[in-house]
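First subunit A sits with subunit B, and in the next complex the same chain sits with subunit C.
Now for the complex of A and B:
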C-alpha cells in the first residue's frame, strides 16, 4: 500500500515537472535556432539536428538602428516600475494593514472588515473597468506614457495585495506582543517598528514577492497607458511578433523576462527553508 | 538606585465593554481596593469573571469606564501604558522572536534609556534567578515554551523600580515541577526586592501557596479579600465556599430556629453566629468537610448519616453520607476505619457558617 502510494506520488510529481519544464526547454532550444532550423523540419538535438546560433540573443541587445530590438531599456523600465511600486505598496499597505488589524474603525455602517474588503475589491474588479478612468486620470495630470504614471497605477494594483496579505498576517500576531512592548516602555510607534515589524518579516517577504510577481507580469495597463516614450518589458516582448514570427528572439526574450521571477523564487525558498520565518510566538 | 515602587489605589473602578448601549453590561462592577507596596496578591476566580480586565486597567491597556487609579496617590488613570512603569506577564509567553535572550531581557531597560553597565548588571542578575544565564546569547525563539515564559517573567523583573508586576496566569504552560519552583522563586524575588506582585489565576492552590492576600472575584464583582485562612474558614459568600476548597463547602438549606441555632433536617444545630437580626427563616448553613468529625463523646451538634461512599485519597478519606435529602461530606484521617453503614458526625459550632441570601451572617 505504502509502495503504491510512493509510486503514485513520484509519478505525479514527475508528470507535473514535465508539464512545467517542457515549455522552458522548448524555449531554450528554440532561442538558439535560426530561421532555417525552426521552419524546416522538427529538430531536437543541437549540433546534430541543427546548428546552434546566437542570433536570437544578439538581437535583444542590438539597437533598432542596427536591426536589433533592444529590450534592455524596457527591461530596466520594468525593473524600476515594479520595484518602486512594490516598495511603496508594501510600506503603505503594511501601515494600513496594521491599523486595520489593531484599531477599530467605525464610519456609519463601515467597519474594519468592510475597509479591508474595499482594498481587495480593487483586485476583484476586472482591470478593463479601470482602464478608461486611469487613462483619463493620467492624461489629466500629464503622466500618460511616463514611468511615474505607471508607478502610480501599479501602486493601485499592488497595494490591495499587500494590505490583504499583511492584515491576515498581523491578525495572527497576538496583540499581546504589542501590549508587551508598550508595557516594556515603547510608545506605539516604537512598538510597531521595533517589535511588530521585525516579527513580520515573513509576511513582508510574501507580500513583497506577490507584489513583484503581479507588477512584473502586468501587460494590460503597461499596454494601454504607454505609447512611444516608455515601454515595459511585457509589451516589448509581445511587440516582437510581426508578420514573420521571430521564434528565436521571442524565445530568448521570454526566458530573460522570466529569469528575475525565478531568481526571486529561489531566494525566497532558501530563506523559507532556513526556518527564519517560522516559530511565531508560542 | 532609588526604589520608586508604589502603593496602588483602585478607587471606584468599573468597566464595561459596551458603554454606548442603553443597558451596558459591566465586566467589572464598581469597586475600590488598595494594593500595598511589596505585598503578594492573588486574584482568584472562574474564567470570565473580570480578572484580566482588572489587570489591564492597572497596566493601562484598558481605560476604565469609571473611577481612578492612583500610584502613590498620583492619579495615573489617563497615563499611557508606556509611562506607567508596570510589568505584565501574559498567559502565553510573549517574546521578541528576532532578538536574543539577552536583548529580550534588556529591552525594557533599553526603552527607558538605562546605562549599558546597569543593563548588564540587571540582566545578569535576573538571568541567574531564572536559570537563563546559559541561554543569554541564544535566539529567543529557539527556547522551549517554559523557558520563553521565563523570559516574559524576566522582562517584568528586570526593572527594579517597577510599580508592580502583574501576572495573568503565567504558569499555565509550565511543567508542574518547575511551576512549584517558580512560585517559590517568585516569592523569594518578592521578599528580596520588595516588588509588588499581582497574580491572576483560577487555581486556588496556586493562589493559596503564592499570595498573602487573595482577592476572590465572581461575575465582575469582588466577593472577598483576605488571607487564605479567612477564605477557608469564613467564606463571605456561598460562592467562595463553593469555589475555594476541595471538596467544596457543605451547604444545606435550613431554617433559623433561635438566636444561636438553626434547624436542619429536623435537627437542632448550634452556631456561634447571632441570628437575631435575620427576618426571614430561610437560610443556608455551611461547614467545611475538613471540620466535620466522627462523633466520640460530644453531646450536641450531632448528625446521623448513612454512608453512601468512602473514597481513599491516600492522605485522607472522604466520606459521603446522606442525611434525609442532603448529602454531607467529611474529610477524615486515612487511618479511620468506617465500620458501619451509619455514622454519627459532629459539627463544631464555631465552624458553622450561616448564609442569608448567599451572604455570610456575621
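Now for the complex of A and C:
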C-alpha cells in the first residue's frame, strides 16, 4: 500500500515537473534555431536535427539600425521601474497596514475595514478603467513617457497588494508583542522597527515577491503610457513580432524576461525554507 | 511612595471592564488579584501599565500623576499569560532588550541578565532561539526579562494559566521562592490569577474582582476564612464551595429531608432559611451518613471529585484518593458541620466557622 502511494506520488511529481519545464525547454531549443529549422520539419536535437545558431539572441542586442531590436535599455528600464515601485509600495504599504492593524480609525461611517477594502478595491477594477485617468493625470503633470511617471502608476497598482498581504500578516502578530515592547521602554516607532518589523520578514518577502511579479509582467500600462522616450521590456518583446513571426528571437526574449523572476523565486525559496521564520509567532 | 488609584472606571461597548476601582498598593508587597475570566483583571493590569486609558479616575505613583507618563517612560514590567517574547532574538538578547533600551553600560547589563537568568534557572540557554524552548521555558524567559529590569512595578497576568499541570506546580513553587527572597523590597508586585490555590500559596494581599468590581480586599487568609459574600466564596474556592439551601430549626439544620445537628458556632442563629456553605473537602464518605446519588465522578491526579444529588440539592465532594464510582450509585456522606458558613438571602456572610462574622 505504501509502495503504491510512493509510486503514485512520484509519478505525479514527475508528470507535473515535465508539464512545467517543457515550455522552457521548448523555448530554449527554439531560441537557437533559424528560419529553416523552425519551419521545415519537426526538430528536437541540436547538431543532429538542426544546426544551432545564435541569430535569435543576437537580434536582441543589435541596434534597430542594423535590423535588431535592442532590448538592453528596456530591460534595465523594467528593472528600475519594478524595483523602485516595489520598494516604495512595500514601505508605504507596510506602514499603512500596521496602522490599519493596530489603531482604530473613525471618520463618519468609515472604519478600519472600510479603509482596507478601499485599498484592495483598487485592484478589483479592470485596469482599462484606470487607463484614461492615468493618461490625463500623467500628461497634466508632464510625466507621460517617463520612468518617474511609470513608477508613480505602478505604486498605485502595487501598494494595494502590499497593504492587503501585510494587514493580514500584522493581524496574526499578537498585539501583546507591541505592548511588551512599549512596556520595555520602546516608543511606538521603536516598537515598530525594533520588534514588529524584524518579526514580519516572511510577510515582507511574500509581499515584495508579489509586487515584483505584478510589476514585472505588466504590459497594459507600460504600453499605454509610453511612446518613444522610454520603453519597458514587455512592450518591446511584443514589438518583436512582425509579418514573419521570429520564433527564435521571441523565445530568446521570453527566456531573458523570465530570468529575473526565476532568480527572485530561488532566493525567496532559499530564504523561506530556512525554517526559522515561519512559525516564529504562535 | 505608593501606587494609588481612585475610582478607576473603564467601559467598552457599554460594558464595565473596570467599575469604580480604588486601591492603595504599598512598596515591597505582593498583591494578588483573584477573579474569574473576564472579570477585568487584565484590564486593570493594563491600566496600571498605561496600555489602557481609563474613562475616569486617577492613578498616582510616587505622588506623580501616572496618566501623564507614557507607557515607555513608566518603570514597569509585565508578564502575559501568553508566552510573549521577541521571537527574532535569542534568550540573552530578549532579557537584555529592556536594559539596552535604557542605555545602561554593557558590563552592568551582562551582570543583571546573568542574575535574572540564574533566578529563573535558564543558565546555559543564553544563545537559544525562543522557538527552541518549551512553553515553561518561554515563560521563564519572559519572567527573567521582567526581573532583570528591576522595575518598580511588576505585573504578572495569569503567568501560569497556559502551562500544563506539572509545569504549573513547578513554576508556582519557584515563584514563591523568587518572590519571598526579599527582592521585592522597593517593588510592587501585582499578580493576577483565576486559581484560588495560587492566591493561598503566594499569601499576599488579595483583591477579589468580579465584573470589574472589587468584591473584597484583605490578606489571603482573611479571604479564605471570611468570604464577604456568596460570590467571593464561589470565586475563592476550587472546587467551588457547596451552597446548600436549608432551614435552621432549633437544634437542627434541615436540608432536603436530612437533619444535621447544629454546630456550636451557629448556636445564636435565628430560626430561618439560610444558604449554608461548605467546602468540598469538608464532606466525607461515611457509612453513618446520608444517602446521595452519584451524578458524575471525575478523577484528577490523585483526587476524585464526586458530584452528588439529592432532591434539588447538588453538592461536590473532594476525596483525596482515587476511587471509582458508577453513575446513579448511592453513596453515604457526612457533613463536617463545624465548617459551615452561613449566608443570608442577600448573599452576605452571616457566620463563619473561623470566628465572629465581619458584617
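Basically, the second predicted complex is superposed on the first by the 279 of 282 C-alpha atoms of A that agree within 3 Å, B and C clash if a C-alpha of one lies under 4 Å from a C-alpha of the other, contacts with A are read in each partner's own complex, and residues count from 1 in each chain.
One rule holds for everything that comes next: a residue touches a chain if its C-beta (ideal position, glycine included) is under 8 Å from a C-beta of that chain, and two chains touch if they have at least 3 such contacts.
Computed from a predicted model, the values in this text were never measured in an experiment.
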Should the superposition on subunit A be reported as showing a clash between subunit B and subunit C, or a fit?
clash
Now for A:131: first (subunit B), second (subunit C), both, or neither, which partner does it touch?
neither
Which partner does A:122 reach: the first (subunit B), the second (subunit C), both, or neither?
neither
Should A:177 be classified as contacting the first partner (subunit B), the second (subunit C), both, or neither?
both
If I apply the document's touch criterion, which positions on subunit A are contacted by subunit B in one structure and by subunit C in the other?
174, 176-177, 179-180, 182-187, 190, 195, 198-199, 279-282
Contacting residues of subunit C [partner subunit A, same complex]
46, 49, 51, 70-73, 76-78, 80, 82-84, 86-88, 97-98, 101-102, 129, 131, 145, 149
In their shared complex, subunit A is touched by residues of subunit B numbered 59-61, 80-82, 85-88, 90, 92-99, 107-108, 111-112, 141, 145, 152, 155
Interface with subunit B, subunit A side, in the complex: residues 174, 176-177, 179-180, 182-187, 190, 195, 198-199, 201, 279-282
Listed in rising order, the residues of subunit A that touch subunit C in the complex are 174, 176-177, 179-187, 190, 195, 198-199, 276, 279-282
